[in-house]
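You will see chain A twice below: alongside chain B first, and alongside chain C after that.
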Partner chain A sequence: MIDILNALALFSNFVIVPALAYGSQLALGALGITLVFGILRFANFAHGDLMAFGTMVVILVTWLFQSWGIGIAPLPTALLALPFGILGAVMIALVADRAVFRFYRKQKSKPIIFVIASVGVMFMLNGIVRFIIGPDDQAFADGARFLITFREFKELTGLGEGIAVRQTQALTVVVAILVVSALFWFLQRTRTGKSMRAYSDNEDLALLSGIDPDRVVLVTWIIAASLAAIAGTLYGLDKSFKPFTYFQLLLPMFAAAIVGGIGQPLGAIVGGFVIAFSEVTITYAYKKFLRYLLPDDMAPDTLVQLLSTDYKFAVSFIILVVVLLVRPTGIFRGKVI
Partner chain B sequence: MSFLIGEAMTGGYGGADILRGCTIEVDRGEIAVIVGPNGAGKSTAMKAVFGMLNLREGQVRLGDTDITGLSPQDRVKQGMAFVPQTSNVFAGMSVQENLEMGAFLRRDDISVTMEQVFELFPILAEKRAQAAGELSGGQRQQVAVGRALMTQPSVLMLDEPTAGVSPIVMDELFDRILEIRNTGIAILMVEQNARQALNIADRGFVLVTGENRFTDTGEALLANPEVRRSFLGG
Partner chain C sequence: MRKIMMASAAMAMALAATTASAEIKLGVIMGFTGPIESLTPGMAAGAEQAMKEVTDSGLLLDGETVTPVRGDSTCVDAAAATAAAERLITSDGVAAIVGADCSGVTTAIANNVAVPNGVVMVSPSATSPALTTIDDNGYFFRVAPSDARQGQVLATIVKERGVKSVAISYTNNDYGKGLADAFGSSFTGMGGKVEITAAHEDGKADYSAEVAALAAAGADALVVFGYVDQGGKGIIQTSLDTGAYDMFFMADGMVGQSLIDAIGSGLNGSVATLPGSDSPGAAKFLEVSAAAGNDGDGPFRGESYDAAALIMLAIQAAGTPDRAAIQAKLMDVANAPGERIYPGELGKALKILASGGEVDYVGASNVELTDVGEASGSYKELEVEGGKFETKSIR
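Let's look at the complex of A and B:
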């Protein structure tokens, strides 16, 4: 019995807790992608670097606050700087829309043109972020490290294994729940939110109903960029900030949006957790976990790891390909790309 | 002079002219129906009245104002409502939300108008929380018409409202359209089911290759042997 509990504790510590945090970050990122796709009707490849840009602003402001001695310990200072990051991301997104995407909207260009243009915006942001903060890893998390440490948990329960919950992981999940609830309330209950759904549902009819397309696009960018800054900051707090990692996040985020059904906000959230849990469970080494559960003579000698963590992106890629082949509309019947 | 008139309209979608000097008009409290063979430019004439295509010649007037240069969105603000033939509801949104979106431009209390729509189409009140995309074809048309009525328009334009619905549902829809007319709204519609549509029409326009061939009251057109022979199948 105690072995089963130990195995569960071990599994929670290395799989469930990290995947919940990672899934929340992916979900927030995928929500931004799915909103832009639903309203502006193109896959925005610049979303990862928009996240990086927002997070960069948060880091810079965090450093400034730290130098001033301003903080909200035990919470990370980055939380205080987050509004500035959101503002920065929103501004750069609106500048990109004004300078690039609006032109193609007026031309009524095909979605693929928008996608290519977004790749251009991606490279621009990529360069700007590296130019300002550099390509290296930046750690900016401060405040209390753990909500509950490995040792505390063990002492509390008397188990041989512990579950450590880092503060950033708990913070990620809490912030994600708050943000997602606020977003859904906005989309379901407010006039502007409903007009966004209407515009996404049937653009021509939305125009016939007098819905202002410029306003819908504006609000969409504000929300998508805010989500990007929040997701990026949470990811950076939880792991670390490195511009290239944020670019790489594009793949799991797109996979999440498509698995859930692109254009469907609920799908992006489910997709985020599907991708996160797949990635973590497939790259986790089950050796110790099985030692607890199996009789001694059957205990494995190898790591029992399905895929090395170096290949974690392959997981989202495979899921993406399979979904596109088998059910291109995704779980919640989104649009077909 | 009529309340809404598209006079001597000539134009098309860029290539050859589809409309060639055709005139469509309707007054408040009247139903005007555009009928004609396939490719006669029926829908095009209606779209021209609504500003969805550029006219080379001719003009469109609503009341005393020339609205020829206005975009469809601006015409909605002037009190015109248009129900497209296909994808005319927000499929993913509830019936009630569809109606709310119809009233998007209004800042006043819309609950009275919504009650009126529910009185006109009781089934919609029953299904107000259901997604419009899950409804039957006839119910979806009711949502589409209801959405258009939410702006409290002075002109309601319907592009083949009975396309793809059963004959019973069609009769029912026509009854509702008569009720809407009796509230003083001008109704302009394009119909494939010419005979039934002319039955309820105060005016009928028979178009052939973008020109007015016959223009008369619905009753007179139904009685006209030439119209019957050529366009109503005997």
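Let's look at the complex of A and C:
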């Protein structure tokens, strides 16, 4: 019995806790991508760098607050700075829409043109972020580090294995739940949310029934950029902020949106967790885990690792390709790219 | 007649002026940006301190000044490093190069630029075993020993501390791989067990998957061959956070105060090796550096000083800053016979060489080059105690 508990603790510590946090971050990012795709009808490649931009604003404001001595310990100061980051991301997204995407919308351009234009916006944001804050790692997490440390857990339960939960991991999951429920309430219950869904389902019909398209576009960008800033800040708090890693997040986020069914908000969340858990479980070495569960003579000597951790990014890529081949609509029957 | 006299006098003065102000340029190629950017300013300062010492003495050839020209090796980007070296050699016309720092870029520069152009390179810190056997026509030297030796030394330390099994995490490049191989084979040779050897990529935000695999191996301690500002730090931080390991053994790339500052007390009791010795030279170097306004206490700072000093002594021995002549003399000034030269005594060495004598440069790092032109190698065993790396013994 104690062996089973130990195995569970071990698995939670190295797989479930990190994957839950990572999955929440991916889900928030994928939600933004899926909303833009569902309503504006193009794959926005600039989303990763929009996250980086929002996070950068949060970091700068956090440093300002820290230098003023303003904080909300034991919570990280970045939470206080988050509204400014959201504001920054929304502003830059609206500027990009005004300057770039609106032009192509007026032209009724094909989606692929939008995609290429978004790649251009991505490179612009890329440059701006590096220009302002530099290409390096930035640490901005403060406040308490752990909710419960490895040692505390062991002493508390008397098990041989412990579970460490960092404060930022717990924070990520809590904030993600709050944000997602608020978003669903907005989409399902409010008039603007309903008009957004109508616009997404059938643009012509929505226009005929008097929905203002400019307003729908505006609200979509505001929501997508807010989600980007929140996801980016949580990721940066939990891990670390580096512009290049945000650009790299684009792949798992798109994979999450497509696996779940692009255009489907619920799909983005499920997809985020599917990707996160696959990345971690496939590259995890099960040796110690199985040693707890199996009788001694059956215990493995090898690492029992399906894929080396070097191939972590390959996992989301493989899932993406397989889904596109086998079930292009994704789990929740989204649109086909 | 008078005009001619005036003109020739002016000519002579102009000539004299050119000889007096003649300067010898030495390249300093180090990773001023990239994964070891916190180490390189101190290293470059060490090399430039030696150049200043020689210039101020006014004894090099006919009182030539030595000017450093910096180039950025980036530590990881071979193309950028090669381009930087190309610029120093062809457009700045450096006589020789101090550097590069990381093994991968050093190999690239040696193979693509320095050896084809016949320019001597003296690296203070490239330690990959592969550099012992590169086809260098005798133009590549290093005052840092090969990691084959560091791997053995670290394996002995791990074994002596009673650790029976280890997991190895190395940065995915020539330096990391070379060390991991050297350490792994000597440790298994001594009867230890290597449970897992896994690479990590530098510059990622999250190392939890890597640490999960390392933890699953269930070893007594984790051996990290990485860089202080990069993946190595991430691996140790995540290992401590998740309780995967609390005992770490590290090699030279991980030695830096910034690591301890970032991680804190969890690192106490961890052990690292760093090239260095207890020769009087090391202490002397600290003194001389302090007098010159530098902090000499840091990884590879003494070695950088030595690398620059060796090149300038070779120029003096050859009597010319000619690139091939430097190569021919470098080994002579580094090894016995001759008067032993310590840091701060470069002026004395230049005098001896000028009068036709011989010197045996000892320097800060106890320089003794093997016949392939690399240091034979002594190492400091460092242990983290109370938030600082403390030297425990010399091996």
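What we mean here is this: the second predicted complex is superposed on the first by the 337 of 337 C-alpha atoms of A that agree within 3 Å, B and C clash if a C-alpha of one lies under 4 Å from a C-alpha of the other, contacts with A are read in each partner's own complex, and residues count from 1 in each chain.
Just so it is clear, a contact is a pair of C-beta atoms (placed from the backbone, for glycine too) under 8 Å apart; a residue touches a chain by one contact, two chains touch by 3 or more.
What you are looking at is a predicted structure, and each value in this text was computed from that prediction instead of being measured.
Enquirer: Just from the overlay, do chain B and chain C fit on chain A, or is there a clash?
Expert: Here chain B and chain C can both sit on chain A without a clash.
Enquirer: After superposition on the shared chain, which partner residues are touched by A:140: those of chain B (first), chain C (second), both, or neither?
Expert: neither
Enquirer: Report, please, how wide the angle is at the C-alpha centre of chain A between chain B and chain C, in steps of 10 degrees.
Expert: 150
Enquirer: Of chain B and chain C, which one touches more of chain A's residues?
Expert: C
Enquirer: Is A:53 touching the first partner chain B, the second partner chain C, both, or neither of them?
Expert: A:53 sits against neither chain B nor chain C.
Enquirer: Which of the two partners, first being chain B and second being chain C, lies in contact with A:198: first, second, both, or neither?
Expert: First partner only.
Enquirer: Have a look at where A:247 lands relative to chain B and chain C in the superposition and call it first, second, both or neither.
Expert: In the superposition, A:247 touches no partner, neither chain B nor chain C.
Enquirer: Quick one: is A:292 in contact with chain B, with chain C, with both, or with neither? Answer first, second, both or neither.
Expert: neither
Enquirer: Once chain A of both complexes is superposed, is A:206 in touch with chain B (first), chain C (second), both, or neither?
Expert: It touches chain B, and chain C stays clear.
Enquirer: If we overlay the two complexes on their shared chain A, which of chain B and chain C does A:84 touch? Say first, second, both or neither.
Expert: It touches nothing on chain B or chain C.
Enquirer: Please provide the least distance in Å between a C-alpha atom of chain B and a C-alpha atom of chain C in the combined superposition.
Expert: When the complexes share the chain A frame, the smallest chain B-chain C C-alpha distance is 39 Å.
Enquirer: From the superposed pair, tell me which chain A residues show up as contacts to chain B and also as contacts to chain C.
Expert: On chain A, the chain B and chain C contacts do not overlap at all.
Enquirer: Where on chain A does chain B make contact in their complex?
Expert: Residues of chain A touching chain B: 191, 194-195, 197-198, 201-202, 204-211.
Enquirer: Quick check on the complex: what are the chain A residues that touch chain C?
Expert: Of all residues in chain A, those touching chain C are 13-15, 18, 22, 137, 145-146, 149-151, 154, 162, 164, 166, 235-236, 239-242, 244-245, 279-280, 283-289, 291, 303-305, 308-310, 312.
Enquirer: Sort out for me which residues of chain C touch chain A in the complex.
Expert: Answer in residue numbers: 172, 196, 198-201, 203-206, 208-213, 215-218, 229, 234, 241-244.
Enquirer: Please output the residues of chain B touching chain A within their complex, sorted ascending.
Expert: Those in contact with chain A are residues 72-73, 76-77, 82, 84, 87-93, 97, 100-102, 104-105, 147, 151.
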